[in-house]
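Here's the structure we're looking at; comments come further down.
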Amino acid sequence: MSTNSFGRMFTVTTWGESHGPALGATVDGCPPNVTLDADLIQVWLNQRKPGQNKNTTQRREADLVRIMSGVFEGKTTGMPIQLMIENTDQRSKDYSDIMNKFRPGHADITYWQKYGIRDYRGGGRSSARETAARVAAGGVAREAIKQIAPNIEISGYMVQMGDRKIDRSRFDSEAIHQNDFWCPDSVAAQEWEEYLTWLRKEDHNSVGAIIEVVARNVPAGLGAPVYGKIDTDIATAMMSINAVKGVEIGDGMAAASLTGRQNADEISMGPDGPEFSSNHAGGILGGISTGQDLVCRFAVKPTSSILSTRKTITKSGENTEIITVGRHDPCVGIRAVPVGEAMMACVILDHLLLHRGQVGENQGPIG
Amino acid sequence: MSTNSFGRMFTVTTWGESHGPALGATVDGCPPNVTLDADLIQVWLNQRKPGQNKNTTQRREADLVRIMSGVFEGKTTGMPIQLMIENTDQRSKDYSDIMNKFRPGHADITYWQKYGIRDYRGGGRSSARETAARVAAGGVAREAIKQIAPNIEISGYMVQMGDRKIDRSRFDSEAIHQNDFWCPDSVAAQEWEEYLTWLRKEDHNSVGAIIEVVARNVPAGLGAPVYGKIDTDIATAMMSINAVKGVEIGDGMAAASLTGRQNADEISMGPDGPEFSSNHAGGILGGISTGQDLVCRFAVKPTSSILSTRKTITKSGENTEIITVGRHDPCVGIRAVPVGEAMMACVILDHLLLHRGQVGENQGPIG
Amino acid sequence: MSTNSFGRMFTVTTWGESHGPALGATVDGCPPNVTLDADLIQVWLNQRKPGQNKNTTQRREADLVRIMSGVFEGKTTGMPIQLMIENTDQRSKDYSDIMNKFRPGHADITYWQKYGIRDYRGGGRSSARETAARVAAGGVAREAIKQIAPNIEISGYMVQMGDRKIDRSRFDSEAIHQNDFWCPDSVAAQEWEEYLTWLRKEDHNSVGAIIEVVARNVPAGLGAPVYGKIDTDIATAMMSINAVKGVEIGDGMAAASLTGRQNADEISMGPDGPEFSSNHAGGILGGISTGQDLVCRFAVKPTSSILSTRKTITKSGENTEIITVGRHDPCVGIRAVPVGEAMMACVILDHLLLHRGQVGENQGPIG
Amino acid sequence: MSTNSFGRMFTVTTWGESHGPALGATVDGCPPNVTLDADLIQVWLNQRKPGQNKNTTQRREADLVRIMSGVFEGKTTGMPIQLMIENTDQRSKDYSDIMNKFRPGHADITYWQKYGIRDYRGGGRSSARETAARVAAGGVAREAIKQIAPNIEISGYMVQMGDRKIDRSRFDSEAIHQNDFWCPDSVAAQEWEEYLTWLRKEDHNSVGAIIEVVARNVPAGLGAPVYGKIDTDIATAMMSINAVKGVEIGDGMAAASLTGRQNADEISMGPDGPEFSSNHAGGILGGISTGQDLVCRFAVKPTSSILSTRKTITKSGENTEIITVGRHDPCVGIRAVPVGEAMMACVILDHLLLHRGQVGENQGPIG
């Protein structure tokens, strides 16, 4: 019942602090005989790692992952896979300000109130660095999915930065990897670039974002009533990411504005099985996948560590002010994209394995 | 690892189908010596039960709950509490249409694809009737909370029906119980009434809604990194409710549009501890409660069972049409309000007990 | 994390007290499309039910099980199966003695110390009646096993009553069902009969027993390191039965006396796969089944409710004496036989489903 | 649901193989503010580590533990504690024999049958080296117990080697640490020394053992019905240790031979609460601690890796013979003593935390 674990069949426990010796993920339940080595995981970590461009934190971390167990001669053995990333750029600095004051919008105050102790160096366990462990675990999940359901594709991208949204009519999946923002709309990406530069340099501010993650070619039948719904598990996974404040499946909050006729995706028979006239449902009905694309979105709040003066209190209860100097992401949502993809991969693998255990194989062929 | 269970310390397993002999909840982990009898639970069930006014389904269910175990001489014993609600209005009717066709927007097709069998009478386990068991379990949670943290108040209400939102400047908590919609804005309630009547009678349609649930006087320190965050658990709880497509904490999806200066709630010292200049965070930082109001919202999609003709397929894969005759909610979001409250109560009790087990008592007094 | 639940994939939560309105089991994770009705479960309950002969408690309970959910038209649906047994023979009597005094050897004192409240009527939740729910759940497990691995046979029997052991050279599996003791040695059964009659009538005493449960035709590959070992799960299951004080796998405690040469079962190749020269291991190596018979034994202590005077204390801490008048089993081990079988069935089904989820199919064919 | 994890509140996940780069334990749920450093854990690891005397394996491992997370400035933070032990003595040798043949009595064959892949170097995950991780986790548990219930003492010792038992009349707790066998009877220890030397040098054989673990000053009230019983959890913990084939609580299997009058421990009122005339129950009634000593025993089978020729088969199904050359324990039970202590510590801490979460504090004072 570890509160640092998620997943039923594919169980990931992340551990480690921002400024401790290392962090990582203990991954249990990966099927045996999956091809795996550190390089296959590293490729995903490289997408998330800091210091890659001027739009993310300037902390420099190699984020090199080592596989400490569970792999033998390039194949998983079915045993726990220990993934370890050593922290290298733990810049020595003066923490006295953070040590005694609580940063507004930060977990500083709640960790203190709950535990009576906190690792004040860089946020400890509440740091976004924890998500590196998720990305590593997601890398394992992807390799296992490749073996079980090789057609599944998972794609994440940013659809909104601050109040600037992409124009869906300009959606171009190739653009996603051609800008610093995982933005499928290259025009929007250009505007975001200018906006973020101003925000960072002039305004000493940060901004929120919305990320969308889509999984294609997911077989029908994944998920289970009523607390094992795959949409519930996706929501759980995404909401557990640092700074996430909202999660949507399919039409999400906008579903409230629809009528029944608008919302229900009509069904017809296609050459390969049921087809749907639309995907308001985000690929999930009754918590179980329909075979359509799984679609989710999540909102990431703006980084609270900013170069502006904010009112706060000290541990001894005195009113004071704080300004957070440091190497922080002006839009932490950018680096949340590979994290969202990784969480989606973990959820899908978990449900592929769970489904196999529950019903053996698809039970209800249509037609 | 039952997929029909939720909660770590206060564990609720719901069971039962819409048209079976009964449904209920097996509730484990309720502390001993909590005052409890069926009447204390019934009061909440009465709020959710169908057939109370013309805006909800006309199915008539007494929804009488019986306590089958775990209570002795009016007190809980610490043993599992079995709550059972017998189904009484299982109207015999012709199911042949539903039996062979899949209703668009329904779990019909996914249950069939996953299990190869489904209880087609009224949706079986995917029916909104399952939420009666949640409300009953929530009633137990409320009595236990009363003993552990008696100041906690949980309040749910509708803030949007279709695209019609309440006007927050007219927010009146007393209005909530004075209309059929749990609407805190009596002007909006009047408009919704007219709109829903038209939708039901003229348009043969249904509509979605957004519900907000607030918990007041929740102590600081509930929640735990990183997959035991109280916001994650709230999201999990709400997303597991039938027809929910999005969940928000605090500013939710709108947090994406904010800058860091706008979003971070500033802190000052008040007479009873830390105070915050605002509550964009929804009472949660780093997954742990701050002592502010916990605020969440969730969107409920429109009922897919409507009196309009829709395209679909049969089990044997033929294209056809369906029209769902029956006693369905034109806005199922209305009856989701007490369900949302119940889920919030379960999550809070769970975290009160978990916190006690984890750290004994609040560890970090401020000032 | 309900402490009244066991099983990973096939999860059983038992509920109910000895003298409440009912008791039962909430069973989740049964695969869909398993043939099931109440009669198929009742047959096993009838084997355990009290009052069948003079060697068990004279309490009369019909122990009729009702299926409240999860079965539709004679087939399981994959949804939770609620099994309910109403208590009928709750004889009204004077509980004042038990209410204020603690029976030596009983859970009276520990339930009081832990919970500060207890259902003193017949032991509440600590009563052996709780095992009826296990037997009912085991009935479901057996039907599911029949579908997945139809050759598996589970057989329980008593091998020792008090210090009187069976003679293994007289082992006759047909004898098991021809006496009141599930004894495979009809000569021993006759001696036990005489001994127990004397113990009950003359000595006003009770006695312990050892039960052996064997599962045949279990496929190789069930179980998982290192806390999901099938032997660990069998030990967990058996030790959780009321009054059990010891559990053995294969040679059990006697393995301590063996040397490595004596203990290790040699392997040779047979027509259908590996064969073993002996079965000291009880069919399990490294926590994973070998394909040999699974063999376990457990010891049941003597009933502490006896007609003899015993020293004890009252709730207010005064020294006193107690004599337990009532309808108690002189050897509760007898009725533990079907319980042991039921637990074995639950563990095996759980591992069949888990294995399917973990590795899809057997991975390592030999030869 | 990791099958490599145990514990509800204090959750330990062990990982790593005998001959991989490292092994360790991911420990979650340790309360914050517990004094902890590597030295406090190392002291226990040193008791288990190999190569300390001629009676255990001659493999030389420093077994140095590193704390990778969860501790800040010498105190636990409430975050996951990662304990890592690097493998240093991975002697390069010819594994061709083990790679293709299955050692009788070993997990070789079952791992192969289940996973279709196994790390044949030294047994991989089925090696007794896995228990080093348990001992490290137990070290954390001991420090937390020290803070919560400082009077608790845990003591393990060997009571039988082969068929040679200690004489309980010579029991001397100081002797335990004065011989290589954790033997509380120094006369027996001398005999065992001679016997084991002969077994190892002359007979090329190994032998089993029985270990007893006692916990003193455990408060009443730990444990919970009916699958959260503390005796069930002790059985689970001990049975999960490599090579364990039987577990007993209190009188254990011998309870079968007792009558009700002999078995039930009578109760009287002492100056500090209830006192018992004896401890047949091993300190547990109804799965909940009584305040008496917790007493358990477990049997460890003889090592199957012996220098004698044994019949077996190859992966391709041919009959053959094998002789296991290597550095193996002639009586692996010796090094199981600190492992048993560690498991007891983990179970007790888990129940201390669970009890606190369940009932806040002891509810039912007597007298």
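First chain written, first letter: the chains are A, B, C and D, and each begins at residue 1.
Note that a contact is a pair of C-beta atoms (placed from the backbone, for glycine too) under 8 Å apart; a residue touches a chain by one contact, two chains touch by 3 or more.
Heads up on the chains, UniProt names are A, B, C, D = Chorismate synthase.
Keep in mind that this is a model prediction, so the values were computed, not measured.
A.B. asks: If you apply the touch rule, which chains end up adjacent to both subunit B (Chorismate synthase) and subunit C (Chorismate synthase)?
C.D. replies: A, D
A.B. asks: Return the chain whose centre of C-alpha atoms lies at maximal distance from the corresponding centre of subunit D (Chorismate synthase).
C.D. replies: When every chain centre is compared against subunit D (Chorismate synthase), the largest gap points to B.
A.B. asks: Would you mind pulling out the distance in Å between where the CA atoms of subunit A (Chorismate synthase) average out and where those of subunit C (Chorismate synthase) do?
C.D. replies: 45
A.B. asks: Need the CA-centroid distance for the pair subunit A (Chorismate synthase) / subunit D (Chorismate synthase), whole Å please.
C.D. replies: Measuring from centre to centre gives 39 Å for this pair.
A.B. asks: How far is the middle of subunit A (Chorismate synthase) from the middle of subunit B (Chorismate synthase), if each middle is the mean of its Cα atoms, in Å?
C.D. replies: 26
A.B. asks: Identify all positions of subunit A (Chorismate synthase) at which a residue touches two or more other chains, and write them in rising order.
C.D. replies: 1-5, 8-9, 14, 29, 32-33, 78-79, 114-117, 125, 224-225, 354, 359, 363
A.B. asks: Of all residues in subunit C (Chorismate synthase), which touch subunit B (Chorismate synthase) in the complex?
C.D. replies: 1-5, 7-9, 11, 13-17, 20-24, 26, 28-29, 32-33, 66, 68-70, 72, 75-82, 84, 114-119, 124-125
A.B. asks: So in the complex, the part of subunit A (Chorismate synthase) that touches subunit B (Chorismate synthase) is made up of which residues?
C.D. replies: By the definition above, subunit A (Chorismate synthase) touches subunit B (Chorismate synthase) via 1-6, 8, 14, 102-117, 125-126, 130, 160-163, 199, 203, 205-210, 220-229, 231-232, 235-236, 239-240, 242, 245-269, 274, 277, 280-282, 284-291, 297, 299-306, 308, 310-313, 315-319, 333, 354-355, 359, 362-364, 366-367.
A.B. asks: What residues on subunit C (Chorismate synthase) touch subunit A (Chorismate synthase), complex-wise?
C.D. replies: Subunit C (Chorismate synthase) residues touching subunit A (Chorismate synthase): 1, 9, 29, 31-33, 78-79, 148, 224-225, 353-354, 356-360, 363.
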